[in-house]
Amino acid sequence: MKLIEAIIKPFKLDEVKDALNAIGIEGITVSEVKGFGRQKGHTELYRGAEYVVDFIPKIKMEIAVSDDLVAKVVETIQNSAKTGRIGDGKIFIISLEEAIRIRTGENGTDAI
Amino acid sequence: MKLKLYLASIMLVILAGLIPIAAMAEETKEAAPAATAVTTPAATPAAPAAGAAKPADAAAPAAAAPATPPDVKPVLNTGDTAWMLVSSALVLLMIPGLALFYGGMVRQKNVLSTFMHSFVAMGIVGVQWAVIGYSLSFGPDMGHMGLIGDFSKFMLNGLIIMKDAASGTVEWALFQNYTKEPGAIPELVFAMYQAMFAIITVALISGAMAERVKFSTYCVFVLLWTTLVYDPLAHWVWMTDGWLFKKGALDFAGGTVVHLSSGISALAFLIFLGKRHGFPNERMAPHNLPLTLLGVGLLWFGWFGFNAGSAIVGVNTSDAAGGLAGLAFATTTIAPAAAGLSWMIAEWIHSGKPSALGFGSGVVAGLVVITPAAGFVQPGAALLMGIMAGLVCYGGILLKAKLKYDDSLDAFGVHGIGGTFGAIMTGVFATVGATGLLAGNFKQLMIQLIAVVAAGAYAFIVTLIIAFILDKTMGLRVDKEDEIMGLDQTQHSESGYNM
Amino acid sequence: MKLKLYLASIMLVILAGLIPIAAMAEETKEAAPAATAVTTPAATPAAPAAGAAKPADAAAPAAAAPATPPDVKPVLNTGDTAWMLVSSALVLLMIPGLALFYGGMVRQKNVLSTFMHSFVAMGIVGVQWAVIGYSLSFGPDMGHMGLIGDFSKFMLNGLIIMKDAASGTVEWALFQNYTKEPGAIPELVFAMYQAMFAIITVALISGAMAERVKFSTYCVFVLLWTTLVYDPLAHWVWMTDGWLFKKGALDFAGGTVVHLSSGISALAFLIFLGKRHGFPNERMAPHNLPLTLLGVGLLWFGWFGFNAGSAIVGVNTSDAAGGLAGLAFATTTIAPAAAGLSWMIAEWIHSGKPSALGFGSGVVAGLVVITPAAGFVQPGAALLMGIMAGLVCYGGILLKAKLKYDDSLDAFGVHGIGGTFGAIMTGVFATVGATGLLAGNFKQLMIQLIAVVAAGAYAFIVTLIIAFILDKTMGLRVDKEDEIMGLDQTQHSESGYNM
Amino acid sequence: MKLKLYLASIMLVILAGLIPIAAMAEETKEAAPAATAVTTPAATPAAPAAGAAKPADAAAPAAAAPATPPDVKPVLNTGDTAWMLVSSALVLLMIPGLALFYGGMVRQKNVLSTFMHSFVAMGIVGVQWAVIGYSLSFGPDMGHMGLIGDFSKFMLNGLIIMKDAASGTVEWALFQNYTKEPGAIPELVFAMYQAMFAIITVALISGAMAERVKFSTYCVFVLLWTTLVYDPLAHWVWMTDGWLFKKGALDFAGGTVVHLSSGISALAFLIFLGKRHGFPNERMAPHNLPLTLLGVGLLWFGWFGFNAGSAIVGVNTSDAAGGLAGLAFATTTIAPAAAGLSWMIAEWIHSGKPSALGFGSGVVAGLVVITPAAGFVQPGAALLMGIMAGLVCYGGILLKAKLKYDDSLDAFGVHGIGGTFGAIMTGVFATVGATGLLAGNFKQLMIQLIAVVAAGAYAFIVTLIIAFILDKTMGLRVDKEDEIMGLDQTQHSESGYNM
Amino acid sequence: MKLIEAIIKPFKLDEVKDALNAIGIEGITVSEVKGFGRQKGHTELYRGAEYVVDFIPKIKMEIAVSDDLVAKVVETIQNSAKTGRIGDGKIFIISLEEAIRIRTGENGTDAI
Amino acid sequence: MKLIEAIIKPFKLDEVKDALNAIGIEGITVSEVKGFGRQKGHTELYRGAEYVVDFIPKIKMEIAVSDDLVAKVVETIQNSAKTGRIGDGKIFIISLEEAIRIRTGENGTDAI
């Protein structure tokens, strides 16, 4: 199993989620993060004080999948999250040793 | 460094200014007998017979009464009283308004602390005023020097006249604003109206202290400053026997007494307080601007009480709720509207975007600047003053970035500079009930300058002393660690939000 | 357990208290003819001629009018009317103020539900009052027992007198507060002023129910409680032919009718409602204290209408906007200021830090305590009552922790205890328009105690019955699961914030 | 598509309506001499002598004065003035109230932008009104066509009458609402009261534009719309020589001038503006409903000034603060209470849950609907109108979902539909100072329909033209990218919250 | 060492934390996340606009533990986080290569 | 490649970020978390109710780096995040199997 972590643009969340649902992925965990990268932030002005807001709001998705689904998931995310403009984000793949469903105690790919 | 130099020069100017003032004050004292003539309507250039009106019970005029007795016996006017009751409530509402305005601008970790700066002033000054403040400000003059009231109105004594203790029957001391006509309001209402002014003035200063001042020290400061700075200044300017009043200084609703004094005191306090940890590099963006804008709304709303309510002391006017109030209401609508726009446009041109905080700040600047002039100028002049207000105060806050002092919420930049500017402009634009420079009266402008320098110098010096003593005794600031954690947690054991 | 015991003893005390009350009530009924004398100014200890003033059209005095006809024909006073219009609006604003005050203190998931408790009361009682509430409270006495009004003012009937239906010409029924002088306001204004009192009273109770009560049940409760508890109590205390009014009970602006009754009813309701899931172990910190503090600000602002507006029914005073209003305004400034400080200091000493919520709660406590006394005591007494208010109500909320009942937002701790304390202290400190213990009138204190026990017992018992019936029929609480999810989502299908 | 069709039919109806209106207008012009008779009290069906009362100085009645001179010389009434000062302040407070109401309903990224739509209107219209707006609306008729005022009151000229420039002595022009009795207020106060109406009307429209309109374009729109749509409409309906006034159209406090005109203009603007990106699929839930509910509270509070303050122009009534104000106050309490409930219950039945936003929206709907009728109907009728208001406007917002146009915050659904409904219902339920259908006066209903169609058509067409020109020149919308990022950041360089 | 990541129901946080403390786990990092899974969200209604809120608020816990503790920690979480109803959440186990305590520079199991 | 996860004190964020930028790290993903550990929370008081707030606000940084940079990054974080007082936080290192840049589809170290 793998844990796929994708950093995407917030307004793409619905699209990515729907695309993943469409290929049969039902479980996703999402959190709000701040990204620093090549995409540059903006400037805010408060009574003459200028602050550079150098982080960009991003969404982090975590998806645990069985090994055979990895390629398809990655491809789906890539297609649906892409705008072609800087800041589209990253996908990271980590090896997942074990997964357990709390409710039933099932483990392995049954749990996800 | 820069700040120190800047302040040193301010003080020099002020001290230089003090010499002629002292001289003039001398002269005034000698001219005292003539000053009584000042209260006759034709010649009175400014505000009215605060103490003079006190003797409601014509049978027993206080022997120590400083001014001429009324020409006609005062009679309660319910319309005027209704308006003054409302005005008092409106000014009280400005204090939560200020709490919102300031509280939205600080970082989240200091929101409650900043709210408390305004709220606790309601507690401390609310009590102080009833016990002693009103008497010091509006009591009969102590020692005939025009500097401070005596203790005769301790605990609002004499405002309720007991007729028959057994049955609880009473009579009410009346406050008559114009001695030629009988219209009057209960003096208790006047005392409460003035209470709200005292509260908000000291709360304004807190803008400079936000995010680092120690709460216990702040509480002591509030008490000391109100007693030692505000009460005397109110006596000087608004009491018939105050020396600046006698000089003919114009201050319709508190440009000098409220805004200039609080703004300049903020600067004085800053010398000992110092900058916030991380200023000016760290991002210290306002945490909740909708609260700040709501604060602007409540301030504007309340300011109608502040300014139009001040018609109560208008010269030649027997009505608190009459044409003069209407004029003050109109200028208090027009000037902030214009100032909001001019600040916004200045910012739009100067830094590329018209910000909401900028518009709101402009509105407050316009309100500050029109305050001393509200009932003395016509709508056209209010429009001009409003436009200038936005520009001048926008400049005022840019000064901070230049001089690198840390007036967290621009108490000096807006109230100090705006208050001074407004007080001076009143001497230029006055045409209603008084005349200024444009109406050919150069002398009025001079008087305004004297009032500005005198009040500014007094407030600056006394605040410096208070701040110095508090610094050496209680300490002005919280620990650096506590400042980083936030004052809400470290001073009050609370969090503003648990969301 | 503890709570049950505690409540049992409260009820015992109350029932014991009922016996002399019943006796006195008997006695009063017999003394009815003499009671008319009470309305002559010299002897009247308290509030005024609510219904008596109704016959605006002197040509057609209602035959059923319970009290003496006015000595002089009433004439509209625009100043008084202006102040009463404003006061009515101010009291209405207290309801959103209360929504903020309470809403900020709950957890995020219940903020809208808590807001709705106040807002829906505006809807339900706003309608109920126009239809029947005003008539039950301020209509002519039904059956001459001093217990409740009749239905003659159904749908505000009679407040507009149609002169000529074809052209729409009308005349307005006037409400004259003092029959010796003509100053009057339209009775419609009086009716609306009182409407706001009815609304806020029931909304206060909701503080005890927050975070678990079922919305539909709450709506029914609001209707029943207002009709069965509030309307009779208002009649008892404020109507010239109410039995407590005739007894001479003092309640300037609603210490007994509003605060005591809502506070004690909160306690009664709690017996059936029970604790929130997780109380007291789970962290239930206020989710948005700036909202709560803004609520305090709006409440204080509105309370000037509540208290100073109540001068409309002041004895010997023909002016709603006069000295008595000024006094009530002053005490409503001083007492909460002092109470905010005393609560804050008590907390500072007792638990180490002065919290913003503590200061705000103290302000509300001071407002509650001064309410029954606002126009009867002098500023010095208001200061003392304020200081005590903060201490007593701080003790009141600590009781909760001791007794482990779950009065979520301290409706009983602040309003129940503060209202009772204030009503009793009014009998101690009254010196203006009435005399209390300190002025040598021991009887007044007794009368106050009777009023407190009677009103408390009535409210407690009727609320118990209402709560019992609702519990058995609709159910008082939401499901545990729904409570955990939050009432906003489960009762209203909304989220307070989407940030 | 659907929207286009729908709008086309609206326009057809409007144009069809225009023909009889034009005819009638013709007829009126001919009947002009007779129209003077309309101002005699017995026959006057509606509001009063705005301009007629201007000549405060009886010695110098303006030759151009359009209406009959007063029968008695006006005398300042402090009670009325107090109430009108307060009412003006209350209506000003509605604007921050609206900012909160709207601001809480948008997404977080647009909160400041939405606030600014209301706030900047205070700036722009505040200045415009003083400079030219008041003159265009309430100045003497230009060319005797009843369409617009002239420029004689430019910069509020003539409201202050200089008596002696050297000493600054002045007299105040008075506004006398009823020429048979002397009670009057300063015309300056009347001018400011009306200023607030002008500000809020245009701000209401912004609800349809939220979350996508370009700020610079919006500012220009505010200026143009107020000058070209609002000022003429106010003249038509509220000025004694306005053609709709002369026709006898009833609009107590602005159902037609304020709500209908802004609501219909919102719809016209939408045609060019289009939908928000993502509408209606994307989740666009209100980001901060407690703010919205606070806004409802402030709106209701301020609306007492809006409606009860409008008694100043009541027929046959010399008092602004009298019975008519009391009636308007009562209906402004009862109708929103009932409408809040009826909307809530409709929602409860229709979609399963009673939402807080629903209740709040119902309150606003009730306020809108009662506005034109406030002083013309009795409490029972207010109750009925309130109940219908909630149902009709609930239907109004459902229309949006059906027709798939994107009136972001339901400016049309609530104000357009509610304003129209209220204006018509006034012709049905009026019984006080005028008579409607139920009182047997069918003609009044016809007049109301004419006023609705005329005002609606005028507002719709002129707004279409303004929107078209702005679209072609400055552009109405921000870029799609900027819209996604949010207007706060892209238009104002700010974030609402940094929490 | 392993990094244990548990997605649980928010109102279970205190219980799980206390249970972990009880077995000697002292360090936990917690964040608020949104979960998409089998458990369905709710519907919100704003002026006639109906929005399906399809995510469920969840809590993510991250706990770094030495290998020998993994079983015990997993069991403890399972027991304390379980309600038996859908949406109880998952436990993911990832191999942790290294851990360092910033304050002291200690590493490996000493650091956690 | 490795995924470096650092839990640090919030007010150190700017410093750490700048230090990482200085050694050439350009991409960082940051989130707000709550930490439970040896550092103890504080007490809050609301009307007599005393609540122990036992979590401490912390910042979690995630940085994907190529293997050769790991040591340098860890050292940089350690130096810049350290105050020497309890609660300075942890650094966790996890093996990262793959990284993909959504915009371009690049993978491996090219993607980060």
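Going in written order, the chains are labelled A, B, C, D, E and F, and every chain counts its residues from 1.
FYI, contacts are C-beta pairs under 8 Å (C-beta built on N, C-alpha and C of every residue); 3 or more make two chains touch, one makes a residue touch a chain.
A quick note: this is a predicted structure, and the numbers were derived from the prediction, not measured.
Participant: Quickly list, by label, the chains bordering both subunit C and subunit D.
Facilitator: B, E
Participant: Since subunit E and subunit F are copies that touch, is their contact same (over half of the numbers shared) or different (under half)?
Facilitator: different
Participant: Out of C-F, A-B or C-E, which pair touches the same way A-D does, with over half the contact pairs the same?
Facilitator: Most of the A-D contacts reappear at C-E.
Participant: Rounded to the nearest 5 degrees, what is the angle of the rotation relating the C-alpha atoms of subunit A to those of subunit E?
Facilitator: 120
Participant: Taking each chain's centre as the mean of its CA atoms, how far is subunit D from subunit E in angstrom?
Facilitator: Result: the chain centres lie 55 Å from each other.
Participant: For subunit B and subunit F, let me know how many angstrom lie between their CA-based centres, rounded off.
Facilitator: Centre separation, subunit B to subunit F: 49 Å.
Participant: Taking the mean of the C-alpha atoms as each chain's centre, how many Å separate subunit B from subunit C?
Facilitator: 36
Participant: If I count partner chains per residue in subunit E, which residues reach a count of at least 2?
Facilitator: Those would be 31, 44-46, 53, 94-95.
Participant: For subunit B, jot down the residues that touch at least 2 other chains.
Facilitator: 77-80, 82-83, 86, 285-286, 288, 294, 351-353, 355, 357, 493-495, 497, 499
Participant: According to the definition already given, which pairs of chains are in contact?
Facilitator: Contacting pairs: A-B, A-D, A-E, A-F, B-C, B-D, B-F, C-D, C-E, C-F, D-E, E-F.
Participant: Can you name the residues of subunit C that touch subunit E in the complex?
Facilitator: 282, 484, 489, 493-495
Participant: Can you list the subunit B residues touching subunit A in their complex?
Facilitator: Checking each residue of subunit B against subunit A gives 105, 280, 283-286, 347, 351-353, 355, 357-358, 361, 394, 397-398, 400-401, 410.
Participant: Please name which positions on subunit C make contact with subunit B in the complex.
Facilitator: My answer: residues 42, 77-80, 82-83, 86, 90, 107-108, 183, 285-290, 293-294, 296-298, 300-301, 304-305, 308, 316, 319-327, 329-330, 333-334, 336-338, 340-341, 344, 351-357, 359-360, 362-363, 376, 378-380, 383, 430-435, 439, 497, 499.
Participant: Hey, which residues of subunit A end up touching subunit D in the complex?
Facilitator: 11, 14, 42-46, 53
Participant: Within the complex, which stretch of subunit B touches subunit C?
Facilitator: Those in contact with subunit C are residues 76-83, 85-86, 88-89, 92-93, 95-97, 99-100, 103, 111-113, 115-116, 119-120, 122-127, 130-131, 155-156, 159-160, 162, 165-172, 185-189, 191-192, 195, 215, 288, 291, 294, 488, 491-499.
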